[in-house]
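In the two assemblies presented below, chain A is common to both, partnered first by chain B and then by chain C.
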Partner chain A sequence: MSARRRWIVTIVAGAALALLLPHLGVPTFFVSLLTQTWIIAIAAMSLDLLIGFVGLVNFSQAALFGVGAYAVAIGATRFHITGFAGGLVCGMIAAVVTAALFGLVALRAEGPGFIIITIALNQIVWGLAYQWVSVSGGDNGITGITRPPLGPFDLSSNTAYYYVCLAAFALTLAILMTVVRSPYGLVLKGVRDTPRRMRALGYNVWLYRYSALLLSSVFAGTAGVLFAWYNQFVGPVDLSLDQSTQFLIVTILGGIGTIYGQLFGALVVIFLSNELSSITQRWMLVLGVIYFAIVLYAPGGLVVLVPRLWDRLRGKRVAVVPAEHP
Partner chain B sequence: MNDAQSACLELRGISKRFGSLGVLDDVTLTVRRGERRGIIGPNGAGKSTLFNIIAGELPASAGSVHLLGRDVSRLPAHRRARAGLARTFQTTTLFPRLTVVENLVLALQAHSPERFHLLAPRSRYRARDEEAVALLDRVGLAGCAEVLVDALGYGEKRQIEILLALAQKPQLLLLDEPTAGLAPADASLVTEMLKRERGGTTMVLIEHDMGVVFDVVENLTVLHHGRVVADGPLETIRGDAKVQEIYLGGNL
Partner chain C sequence: MSALRRLCALTLAAFALASIGPAGVARAQAKTIKIGFLYPVTGVFAAPGRYMQDGLELYLKEHNGMLGGFKVDIDVADSQGNPQVGLTQLRKLVEQDHVDVIFGPLSAAVGAAIAPYIAEHKIAALFPIVSADDLTQRTPNDYIVRTGWSTSQPTHVLGDYAYKELKYRKVATIAYDFNFGWESIGGFVDTFQRDGGKVVKQIWTPIVTPDYSPFLSVVPRDVDAVVCSFSGAAAVNFIKQYRAFGLKMPLLCQGNATDESTLDDTGPDAVGIITALQYSASLKTPVNEAFVAAYAKAFGHVPSYYADGTYVGAEYLDRALTVTKGNTADALGFIKALRAAKADAPRGPLKLDDRGSPVQNIYIRRVEAQNGHLVNSVIRTYPNVSQFWTYDVKDYLSHPVYSRAYPVCNACS
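This part shows the complex of A and B:
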């Protein structure tokens, strides 16, 4: 099978599986976890655009995600913005405005400096959510967010909402995969690899970093909105540094610079943390060891590891063991 | 034509200090349009610093830079590039994880609106790739089009380094030791490339290899301890006793 056909088969099979799953008699809990996977994957893909294609390791992705979630929550509970489109636009604008401000500060630095500033910015936003009780509800967060209907479709059932998040994931994947393969995407890669040469060629390096940050925030904000509707609750934990770290782990595990790899990262992180936490209280420790092993033995992420394991399995099945190429 | 119209690059009283260390001291020089100028001088004379100031990577402590009659002293590097300046680097500065064609496309699309197109894959922009391959063909490297730059040999990388700057179609081309570290055979390939460009492009060349200098340039500026000690046609400089003493070692 040619590489291209193998791709098409994988995508069609994956899409068919994702579409049919809620009707195959799987537990509701499982459908919920998958819904969460689509949402986290959107956020992680938006982060991969920055890390994998612009070279910006953004630790404030949770702030962009969380601001989107809070915006839709505050909009719904205070300003009666209860429609689907209204809520979505609200969250996107909030995230883009936040990113626009963050960029002005953080993009004054590069590399480690950028990382430290984004950590600080994320903490500031978390501090606001935690302490500005009159707006954010403080530690109690905001409850009473109801999922709005999407046109004629009622989204209160888990199955209906599963499809909305799946569609949002597919759309984000298609858009970001196009962006990174576009002429603009090539410019981003140039900025990532050799900013000095890019300046010499006439590119405004700052502008491309800034625009990529804004673009990324649109999707991070979207994920935040979907997450708020999913939980029907928003709290400071959603925009904590822990949340940023989770996005980072999902992105790295999936495979940096791939966009689609983040789906596998999200699947592993969401399902493992849920399964392990029901088995043992020390689930964080086990999770840490697993992450460590993956990063150590497959630094390219799951997108490298999974096909390699698959080939090895098939290799054994036909009993032809090819020589190891180190 | 008077001076202001015919000058491609004009430096007026450029000085540069790093703390208490003076690197350049009152450098004034004019490069005419179409001229090929060499800048020579011993290590530490301030040649690369001068290039970085012309290109806008470093601010000068004093003095001004004029490109095509326009004061560009306060413009950032990318704006100077858009004003017609291109440069190569002493240490190869390419995009190692991209293919040769992608490297060249970055140079070719730098001033085109397509650099902002984000909702169509690059496969829709065939003409751009063909333009890049045509450039490669001119130097016999079309076979490397789809190879990652990282996988190229050093000699090929140095050729791509220059090709990227030529793809910018510059008014002024700054070449920082284009043959640095090259074996003689590869160095002559680079020299041939530069000789072929002698037609229109104004060039300023920093080079240690006197063979390359004499092959490519017509006028020389000699820098020593950050000052211009001699400035003129090749033959005059070659015969200048002071220059022979400080730089050429009397071997010419």
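This part shows the complex of A and C:
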């Protein structure tokens, strides 16, 4: 069977499964973990755009995500911006504005310099959330955020909200897959691999990086908004460096430079951390070993590992496709 | 061909089984009360979290694993001291494990994050440790009872004691720069200033501060005392560095600074520090002496207020379950029974006010060396202290919650 057909079948089956799941009698907690998975996957995909296609290891992705979450929370509790569209736009704008400022500072550096600057920027935003109590509620965060209805649909139930996040995930996936395959996406890859050559060819390398950061922030902000509505709570932990690290782990596990791989990364991270912790107190150790093993034995991420294992299980020997970015 | 698809399905099915499994098993059991115990098993609060677990375990052991005549099943969930994780784990306890009551958490931030969910799902919750003032003040929650304390409850007393008994007139404060630090210092400053004392400087330090010297060097030397609020490793570091810096002004601290769990780590540098809290392991009452002896026998060290906290919390559940005959489905009825309950706890007599916060003894304690161990020796008891001290409740609630900005320091330059 051709690779193309295999893809189509996989996508259709996956989509059907995702759509039917809440009606298969699974516990609501399972549905809410999946909802969380869609949201984290959106954020990780936005990070993958930067890491996998522009070569920018951004440690301030949680700041963009969290600023979106705080914007919708503050908008809802202070300024009565309680609509779905209003909240979403609010969060997106906040994230894009933050990214626009971050980019001006961080893109003056490359490689390790960029990483250090983004860590610092993330800490600044975290510090603001932690200490600017009159706005952010400090350590206690902001509660009392209600999920707005989407048109005629009431989203207060877990199932209804699951579909919203699933749709957002699918939309983000479609848009980002289109972007990275477009001529613009090819230029981004060029900027990633040979910035000097691209400069010589007349491309404005800085502008491509900057625009990718802004594009990424739109989705990071969206994920933040969805997360704020999901938890009906935001706190400094949402934009902490720990959160940035979680996005990074999801991205690396899923498969850098694949976009769709982030779904698997998010599934593994969310379900393992929540299920393992109820089985053993040493769950962090187990999680660490699993992460370590994946990075060591499947540097291309789960998207490479999963089909390879499957083929091996069935006794097939297939040429190992090298990861695009080991 | 459909390799990926099948694997997806397999993975999801495996997760689904893992999720459904425990709930299915639990339903097969006889009538038991299922308690969702949410506390930090791992993370930065794991050390005090251990005391929470031990306190609860001791109470259950002494009562044959029964509360209110019912067998109880403790369903542990790890909050990691992280609000996001705490909320997810709470969902698991409620939606998947169908627990009857929520017991925990430790951190105020987790408490604040889970409170709306608790109200929305109409499940009764008992907070044995969380002390955030507004939980039972400006933003009370009908479904939550706390049996621990409110952050400013002990420091209200400490401020009054410093002015009236120690005759201090001028102090500086130094504390954690987040809600817990602000609220505990705010309580002190409020009563101390109203009595007539002067606060000349307030220093706030980041939650993670490995080196306190830049802050200690700006502490005014001409004050009668320095008032502090730290906990855990930060308290150990702060006290040691304060002494190493050669500062001679007496230290008055919120009680967590010399908690039994870290006192031995701080060592002789802690001697002489005066603190206020609702508990001390060296409290000389028959109830407490029996509690401390049993606890030390079981776990090899003395309890701290975290252990007393869950021990008392379990006693409250015990009493309320007796009254409601095990009915927790009527959450408000159960909360009402909790609020009406009284206990003669290790920490002393305890009752709850109409907002669900304890009215209890607050102890002024001084760190002393006794038989080669450091203890929080009780030097003065203030009985029946309310979360509002002696203030008019309405007037008190019209002020903002204590923060960096309130109460305003009256003599800062």
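Details
The criterion applied here is as follows: the second predicted complex is superposed on the first by the 315 of 326 C-alpha atoms of A that agree within 3 Å, B and C clash if a C-alpha of one lies under 4 Å from a C-alpha of the other, contacts with A are read in each partner's own complex, and residues count from 1 in each chain.
Basically, a residue touches a chain if its C-beta (ideal position, glycine included) is under 8 Å from a C-beta of that chain, and two chains touch if they have at least 3 such contacts.
These numbers were taken from a predicted model, which means no experiment stands behind them.
Once chain A of one complex is fitted onto chain A of the other, the partner contacts of A:Met198 are limited to chain B, with no touch recorded for chain C. In the superposed model, more residues of chain A are touched by C than by the other of chain B and chain C. In the superposition on chain A, A:Thr178 makes contact with chain B only, not with chain C.
When both complexes are overlaid on chain A, the residue A:Tyr130 reaches chain C alone and has no touch with chain B.
Of the two partner chains placed by the overlay, only chain B lies in contact with A:Val187; chain C stays clear of it.
When both complexes are aligned on chain A by C-alpha atoms, no chain A residue touches chain B in the first and chain C in the second. For chain B in complex with chain A, the residues that touch the partner chain are 55, 57, 76-78, 81-82, 86-87, 89, 93-98, 102, 105-107, 109-111, 114-123, 125, 128, 164-165, 168. Chain contact summary for the complex, chain C toward chain A: residues 1-9, 11-12, 15-16, 18-20, 22-23, 41-42, 76-78, 80, 82-84, 87-89, 91-92, 95-96, 108-109, 112-113, 115-117, 132, 177-180, 207, 403-405. Every residue of chain A that touches chain B in the complex is listed here, in rising order: 175, 178-179, 181-187, 189-190, 193-194, 196-205, 215. Chain A meets chain C in the complex at residues 1, 5-6, 9-10, 13-14, 17, 21, 24, 26-30, 32-33, 36, 130-131, 133-134, 138-141, 143-144, 158, 231-233, 235, 237-238, 242, 267, 271, 274-275, 277-278, 281, 283-284, 306-307, 309-311.
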